[in-house]
Amino acid sequence: MTLTLILEQTFNGLQAGVTLFLVAAGLTLILGIMDVVFLAHGAQVMIGAYAAAAVAAATGNFYIGLFLAIPVTFASGYVLEFLLIRHLYRRDHMEQVLATFGLILFFNELIRIGFGPAALYSDLPRSLSGFVEILPGAPYPIYRLWVILVGLACAIGIHIFVSRTRIGAMVRAGANNPEMTAALGINIKILFRFIFAVGACFAGVAGMMLGPITAVQPGMGEPLLILSLVVIIIGGVGSVRGAFIAAIIVGLIDTLGRVFLPAMLRSVVDQATADGAGPAVASMLVYITMAVVLIFRPTGLFPAKG
Amino acid sequence: MDKSVLELRNLCKSFGALTVTNDLSFTVEPGEIHALIGPNGAGKTTLIQQIYGAVQPDSGQVFLNGREITGLGVPERVQAGIGRSFQISNVLMDFTVLENAIVAEQARLGQSFRFLRPAFSDKSLKAGASKILSRVGLEDRAMQPASDLAHGERRMLELALALATAPKVLLLDEPMAGAGLEESQRMTEIIDQLRGQVAILLIEHDMDAVFRLADRITVLVEGAIIATGTADDISNSSAVQAAYLGSA
Amino acid sequence: MKKAFTIAALAAAITLAPAHAETVKIGYMTTLSGGAGIIGKQMQNAVELALEHKGGKLGGMDADVVFVDDQRKPDVAKQLANRLVKSDRVDVVAGIIWSNLLEAVHKPVTRSDILLISSNAGPSTVAGEGCHKNFFSMSWQNDQTPEAMGKHMQDAGIKSVYLMAPNYQAGKDMLSGFKRYYKGNVKAEVYTKLGQSDFQPELSALRATAPEATMVFQPGGMGINFVKQWKQAGMDGVSKLYQVFTVDGVSLPALKESALGILGTQTWSPDLNNAINNKFVADYKAKFGGYPSFYAAQAYDTILAIDHAIAKSGSKDTDKMRAVLAAGNIPTTRGLLKMNSNHFPIQNIYLRETVKDADGIVTTRVTETVFTDHADSYAAKCKF
Amino acid sequence: MSGIRNLIGLVYEGVKDNRLLWLLIIGFALFPIITHFADLPFWNDVAMRIMLLGMAAMGLNLVLGYGGMVSFGHAAFIGIGAYCAGISQFYGITNGWVHLGFSIITCGFAGLVIGYLALRTSGIYFIMITLAFAQMLFFLFVSLEAFGGDDGMSIDRAEFGFIDLYDPLRLYFLIWIALVVVGMGLMFIVRSRFGVTLRAIKSNASRVEAMGLSPLRFKIVGYVISAVVCGIAGTLFASWQEYVSPDIMHWTRSGELMIIIILGGLGTLAGPLLGAIVFLLLEECLPLLLGAAAPAYAENWMILFGPFLIMVVMFGRGGLIGLLSQLQVRRNARSDHRGP
């Protein structure tokens, strides 16, 4: 367990964390402001990845794929809000879970019919496929560094947007007290639709960036969805700052736990037990973290509602 | 003199830099109606919450019939003899009026952990519940869903539910709020009838009602008591006039 | 409400079960919906192709194949198996991709005295003590393929190896099969989360260990993720990659060039040169566009086996078909397939390399025969 | 003696008030006769699965519908119940009554611990923490190699003394009896003082607190009861399936249970059972229907199923029970017009 390895794994954790944050950022606002348990946010990840991969395959250019996919996901979020989600605002959580669960099935099937059940081919652009040495002897893929940078840039962008702009002020007010925001005469309908579309867009960006490194296939967003819900809960519903910190925490815990926990267990118990228990505990680690956080802070680390 | 029903000793509570209860001590005597008045933000509701157990004081003690209840939670305090109504009327909206009373009746009897007999068709529970409703004159509304009640009736129901636990002291948080003139008068009458049966701590902005009902009045400003006395004492107190006129 | 449904259900069931005299009815269970639907689709294609090649008759009887979608859920699979047996009254139940689903349908089917022929799943439980005379595998026992990989790497003189598989039963079986034949230095055995999509942390850890070779088992979408990330992390310069069930006909279209040069073992390959296989691969490509996967080949073989059993026994009687199949020498895309005493095939296992064919399409090519007539190691424990 | 007469009176009264539930249950009792004469024994199998999932959904409905606690992790209790049977058999205990006892104790204890920890939170946090506990258990069983891990373990049907479960009809009626017991038990519970208090807590927890009751204690007890019911369903599920695997406790199963409840009618006794009948028949028939209408898309039946769920939420408030009672109201209104 050298320092280089720990550093490299920290980068991996960061990369996982910022990706999670992109998915969680929109979702935490949707949950916090509109009070909608939106399970189909993973589908937005999938739509982003498919849009980018399909356009890239058609044009032969990775970046055109990226840039065209952004309006596609924005539009999909906008339309979805208009057609369905706005009718769910006053419903209880359970009904929202049910309806958006139905949406997941629908989108997965739609993609499967449209693009076939097989995973789509997508690869890195040549310009991003090299390595940099983050420490002597520790080459790191440029693309992953790029993902970290884009993710951080988005995070900073969201932070400035929420804390410095007028719309951001409305968003914060909405997260604190939805009734009051309506009373202030803010056009809540437009605000909601906008937040929803932007949230979808960020999830789409996460999907686009994941496309070249993972399998672009129906249902690809679901593991991310569950993890990003965990992130939101740990961070506190409605808090973008909480989502960011929790995403990094979850990314690091998941990555470092997976890699180092079995080895650490091996030094405590015998090899066979460690090999059995290590991966099991590692895969439970984020859920354990969430349960522990909730037991001690039942509304997460940074609750937005005060 | 008899032991006080409710006694607060040196109660303090702050939220961050804001002190809402500042070294507060006072008593509620058996059978009296004790009104607590003061401008908005004086800390009246927070004080009620501390007596009720929903908010824990930073320091100080609460006694009920001479027994300290400071550390107890809400259900324990209710069992010990504290009843309350809320600022926004708080009844079981999905239930009928009678069902509301039945839930309260079985809670009073300590029978809520029974799993066999149907509760809503139980004769003895129904009888007890009717008695609860009759105290506020809602018997003829028994079969109405609580959500169908008029505002004033709902407040009556809430008062009935609070009385159902046979409290030693009743905390009424603005019972006339939002009520029409007639409803206020009806409420005033009912509270008046309770005098002597149960000690009442009344928070109310309707000064006519306060001066008609209260045996004693305590004036709270910025978390501290500036005056306690009979209605006459208070209306003549210069400190109270300063506080009210000064802030107006 | 319920009554209406019951009547509808009755009507549906009655129309579904028409009575023919000389018809062999086969229930083919696979996963058609959901994420693994692509595998089931390929298998369905192959079954239909086999029927087409046989002119719609198996062993001279009219063939009626009922496809059912198990949704990759054990309880659905178990219920479908019961439906096939009790309601559709099939003569053979076949298909089944996943080990856990096979476990769920094994008892209800074999107990009904109906043949159960697996086109893919082959867990050790049904090969050893839990075997049943009515069960046949037309694929392989889980351990066989990694055993071949172990033998190849042992023979190739590879000194140290890093093992990686998902943390579930098949993953553990694969690695233990590998270690049965590989005796060199196993630097680490890493179990990843089932369904994991990002392997970068594991790759970083692997890089720090610098083993001579790496052997992975990451089936399905996990394999696509793993191989992509392996290439992107520049791991080829660190360690040589070997795999089982990770690079195959299902993942290759998504991987394309990034999988070139990777070695793996398998009981079948599209370039196996025999008449049956050549016809199968050529017609499959022509009809469905693209190479068949081993799943498709095994599904095709399953239908050929049923054809063989009926043709040779002249009957669709379970006892008679069983006797024919148990005797082996079943004509398949893998040549004449022998059968072990536990009704698992005894077969060759090949080393395959990912290459481009003459048209520039990425596929696999046999480079070496690792095992000739390889039998699984559980047959001794099987007593019917 | 009068105690028994009293009890019979109570049962009669309860059955009379919940006619639909008992009609459905009697329907299940008569169903094998239909399948026998129509020679469709397979449908008994479907009916068993419906009863089992319906039973679990009825258990979940106690917390979901009556207690207002949106638990997204109840599949875990089905799984624990199933593994209680599996693990007992693994160690050579074949007696089904022992399995059931083991399952009730284990699920009760698990429900107590999870309930105690999870019920500190509320709303979306509660949904997520229950999901988290279910996921932990899921991964725990996936990694338990001794019990088959992800592949699960094949088991024999349990022995219930004189009841030989390899006779499919006896298994059917064992499940049916369990359904009767669960239905009867829940019917008493929701009407009892406890059930009434639980519903009062759902309606307004702070008012119940002001009556001197601790909502948490009632919620935990409700949670434990529902966990035990799911556990019983799970144990029988294992015998039905002759197989146990972690798949039984996958998070999508928790979702399925919720769908069944909402589809049937939240907070009603008959709702979950009705929901299970419709849900599972739909799962059975949609692929067939789509296959008949558009054979090329038969495996894409979820493209219809997804929107169907959305429709249920959008237009089917109160679920099927709500729909039925609306029809009833309309019919009554019409007959009122006609006069006597």
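Quick notes
Note that the chains are named A, B, C and D in the order they appear, and that numbering of residues resets to 1 at the start of each chain.
Here is the rule we use: a residue touches a chain if its C-beta (ideal position, glycine included) is under 8 Å from a C-beta of that chain, and two chains touch if they have at least 3 such contacts.
Keep in mind that what you see is a predicted model, and the values were worked out from it rather than measured.
Leaving out only chain D, the chains still linked to one another by touching are grouped as follows: A, C | B.
Among the remaining chains, B is positioned farthest from chain C, on the basis of C-alpha centroids.
We define each chain's centre as the mean of its Cα atoms; on that basis chain A and chain B are separated by 48 Å.
In terms of their C-alpha centroids, the spacing between chain A and chain C amounts to 35 Å.
Separation between the centroids of chain B and chain D, computed from CA atoms only, is 43 Å.
Centroids built from CA atoms put chain D at 33 Å from chain A. In chain A, 108, 112, 279-280, 283 are the positions where the chain touches two or more neighbouring chains simultaneously.
The set of chain D residues touching two or more other chains comprises 142-143, 145, 300, 302.
For chain B, the set of residues that touch two or more other chains is empty. Under the contact rule defined at the top, the touching pairs of chains are A-C, A-D, B-D, C-D.
If you check the complex, the residues on chain B that touch chain D are 73-75, 78-79, 83-84, 86, 90-95, 99, 102-104, 106-108, 111-121, 161-162, 164-165. Against chain A, the residues of chain C that register as touching in their complex are 34-35, 37-38, 41, 167, 189-193, 195, 197-198, 200-202, 204-205, 207-208, 221-222, 224-225, 228-229, 232-234, 250-251, 253-256, 258. Only residues 1-3, 5-6, 8-10, 12-13, 16, 32-34, 37, 40-41, 69, 73-76, 78-79, 82-83, 85-87, 99-100, 103-104, 106-108, 123, 125, 130, 167-170, 172, 194 of chain C touch chain D when the two sit together in their complex. Partner chain B is touched in their complex by these residues of chain D: 10, 13-14, 188-189, 191-197, 199-200, 202-204, 206-214, 218, 221.
Looking at the complex, you find that chain A touches chain C at residues 2, 4-5, 8-9, 12-13, 15-16, 108, 112, 116-121, 123-124, 129, 131, 139, 141, 143-144, 210, 212-220, 223, 255-256, 258-259, 262, 275, 278-280, 282-283.
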